[in-house]
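Following are the structures in question.
Two complexes come next, and they have one chain in common, subunit A, joined by subunit B in the first and subunit C in the second.
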Partner chain A sequence: MTETIVVTSGKGGVGKTTTSASLATGLAQRGRKVAVIDFDVGLRNLDLIMGCERRVVYDFVNVIHQEATLRQALIRDKRHETLHVLAASQTRDKEALTRDGVQRVLEELAAEGFDYIVCDSPAGIEKGAFLAMYFADRALVVVNPEVSSVRDSDRILGLLASKTRKAESGEGGVPAHLLLTRYNPVRVEAGQMLGIRDVEEVLGLPVVGVIPEHESVLMASNQGVPVILDEGSQAGQAYADAIARLLGEERPLRFTEAPRKGLFKRMFGS
Partner chain B sequence: MGILDFLKSRPRNTAVIAKERLRIIVAQERSSRASPDYLPLLRTELLAVIRKYVHVDLEAINIQVERDGEHEVLELSVALPEHKPGPGT
Partner chain C sequence: MATAASPAVPVCDLRFGQVGIANVRVLADDAPALYETLAERVRKAPQLFARAAVVLDLGHLPQDLQRDRAAALLEAVRAAGMLPVALAYGSRHTEDLAQSLGLPLLAKFRAAYEPDATGAPTAAPAPSTPAAAPAPAPGVALPALHHAQPVRSGQQLYAEGRDLVITANVAAGAEVISDGSIHVYGSLRGRALAGAGGSEQARIYCRSFHAELVSIAGRYRTFEEIPDDLAGRAVQCWLEGEKLMIARLER
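Up next, the complex of A and B:
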């Protein structure tokens, strides 16, 4: 059985590609056969985050337009042999994606025995974002603790419930999980940032993971190594926890409390 | 936080403001999402018809779809402007 998971958010810059890369890598670390597809046609970036940008020969749109076979276009990850990347086209416009074409590629991946297909959605609610979510079995909605991201996430939750194959076939839409990223517990405690409960209450969904705002995320993207592979970092560990929960394991939330300061530091330090 | 900052009044809790604003706008957008796409256009066209007879603003027209058990009810209300009855009416 192949499971298709869309990583989406509405708003840009919240961490969709970072999340897609770590989700796909984390699943592959567990021995699953995984394909991760960049749906952001014209603004390819997943290849950079995965560190395979110089090995892109054919892309997703080439496969859809039958200019290359799926096998030719899939880039095997250097670190995990069960992980494959399908890059977005950098030259074509987003109209190059078609619903039938996307469906055919997803079916072909299923026939190849992939356990998971991770669809990295572009920002917005245009065609690329629509097609990334349309065939999904589950959705991971990436949200930042910030007003515009939360509002856009709610819009996306509405689309997952109405404009997807699961919705149209009467299965009640795509089940969604919230992943809260760029979380800063110190700022939450200072009343400057929405907390976990705030976001859960507004959106009416529990979080499946909370990724702390941390320099390790930027350092990982600088190097083209998914942050989940930085096992010493809080962000990497938080991603590993989130994936475990997605697979049904119970894990307590970590890194969501501000570090306690002593009385002296509270009075005189900063 | 130093002792001087500690003695100063604490900054406003803006997260509370954010949550309250989100709660309102999300609820509003969810309710309008559930209604058919044609409602805004219907509202504009109705306004044009009504304006042939009475001068009202777009805001005076309230139109929504209510679900009542099995049925959907299109509810339309128009707030007419206050006017004194003219001669002969």
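Up next, the complex of A and C:
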């Protein structure tokens, strides 16, 4: 059985692609056969974060337009052989995507025996984002602890519940999980950021994971290594926790409290 | 009674009262189909509909009826087992029709039946068909529209001709609209417009008040800042004259 998971948010720059890369990698680390698709046609980024940008020959749009086969376009990950990337086209725009074409690609991936298909949605609520979520079985909604991101995520949650195949077929919409990224406990305590409870209350959903804001995320992106592979970093560990929870395991939330200053630091400043 | 002799006992007592009466809104000039539909109703619920007095509302037909066509419709209703006792108030043409058929007109109990009603410009932006609500017979109120899912930013929910009950949150940027009252058993962060069809008796209730805008029968208030004594509290809103009142439900 193939499960299609869309990673979406409404707002840009909240960490969708970072999350897609780590989610796909984390699932592959567990031995699952995974394909991750970049739906951000025209602004392709996933290949950079996955570190395969120089191996893109054919892309998602080529497959949709039957200019290449799926096998030709899938890029196998260097580190995990069950992980494959389907890059977006940089030279086209979202209009190059069609619902039938997307459906055909997803069905073909299912026929190839993939366990998971991760759809990395573009920002916004237009065609690319719509098609990324339309066929999903589950959604991971990435949200930052600030009001505009929360509102955009709320909009996306509404669309998941109404404008998807699951909604149209009367199955009650796509079940969604909330992933809080760029969380900074110190700034939350200082009142500069929304806390976990605030976000959960406004959106009416519990979080499936909280990824702390950390420079390791940016470094990993720049090096083309999904941050989940940086096992020493809190962000990497938090992603591993979140994926475990997505798969039904129970794990306590970590890295969500501001570190207490010790007596020495309090006396002499940090 | 026995004694017509005693003048102290009046022969009759004339009063106006409210009587439950069903309204048959005719949507097509098709007597056989009308017969089929109503006969089916009578067969399914004879206690309710057999020999029930009904008012025929001809105001929703695409065009005015000739007398014999109207008589055919009345005959269809009778044949189905109901007793048509009047026509519903409508246009001048309906008045003439009632006159020639020897039937009373039942007074305008709904301003909405005025064809192309001028006046009554209720400011409320009801999104679809204006007040196509059937006139509910007294005692047979339309049940509220019940919504258990969160109303998300960008979504719009409209309860036509009835109350709206939401047992979840209404997010900022969402809009909930009702021709009756609105009850939100969750937080209200978006916009709530009650009495969209003009009903000034409509109210808005919510369990946790953070609304962007509340409106009753077109009178509205926006909230750039929610007053401290209302924010997050259980609140109700109602109209007093032209004034939109808001108060906490519990002290």
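Note that the second predicted complex is superposed on the first by the 263 of 270 C-alpha atoms of A that agree within 3 Å, B and C clash if a C-alpha of one lies under 4 Å from a C-alpha of the other, contacts with A are read in each partner's own complex, and residues count from 1 in each chain.
Heads up, the rule we're going with is that a residue touches a chain if its C-beta (ideal position, glycine included) is under 8 Å from a C-beta of that chain, and two chains touch if they have at least 3 such contacts.
These numbers come from a predicted model, not from an experiment.
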Exercise for review: Using the overlay on subunit A, decide if subunit B and subunit C clash or can fit next to each other.
Suggested key: clash
Exercise for review: Please indicate which partner A:Gly191 is in contact with in the superposed arrangement: first for subunit B, second for subunit C, both, or neither.
Suggested key: first
Review point. What is the contact status of A:Arg155 with respect to subunit B (first) and subunit C (second): first, second, both, or neither?
Key: both
Exercise for review: May I ask you to decide whether A:Cys119 touches subunit B, subunit C, both, or neither, giving the answer as first, second, both or neither?
Suggested key: neither
Review point. After superposition on the shared chain, which partner residues are touched by A:Ile5: those of subunit B (first), subunit C (second), both, or neither?
Key: neither
Study note, to complete from the structure: subunit A contact check, subunit B vs subunit C, more residues touched by chain B
Exercise for review: Applying the touch criterion given at the start, work out whether A:Val202 contacts subunit B, subunit C, both or neither, answering first, second, both or neither.
Suggested key: both
Practice item. Mind checking 7-15, 43-51, 61-69 or 151-159? I need the stretch of subunit C that runs into subunit B in the superposition. Key: 151-159
Point to revise | Overlap of subunit C and subunit B interfaces on subunit A (superposed complexes) | key: 151, 154-155, 158, 162, 201-203
**Study point:** subunit C-facing residues of subunit A, complex
**Key:** 151-152, 154-155, 157-159, 161-162, 201-204
Review point. Contact residues on subunit B for subunit A in the complex?
Key: 1-3, 6, 11-16, 18-19, 21-23, 25-26, 29-30, 33
Study note, to complete from the structure: The subunit A residues in contact with subunit B across the complex are 146-147, 150-151, 154-155, 158, 162, 188, 190-195, 198, 201-203, 266-270
Revision key, fill the gap. The answer for subunit C against subunit A in the complex is residues 149-155, 168-169, 171-174, 186-187, 189
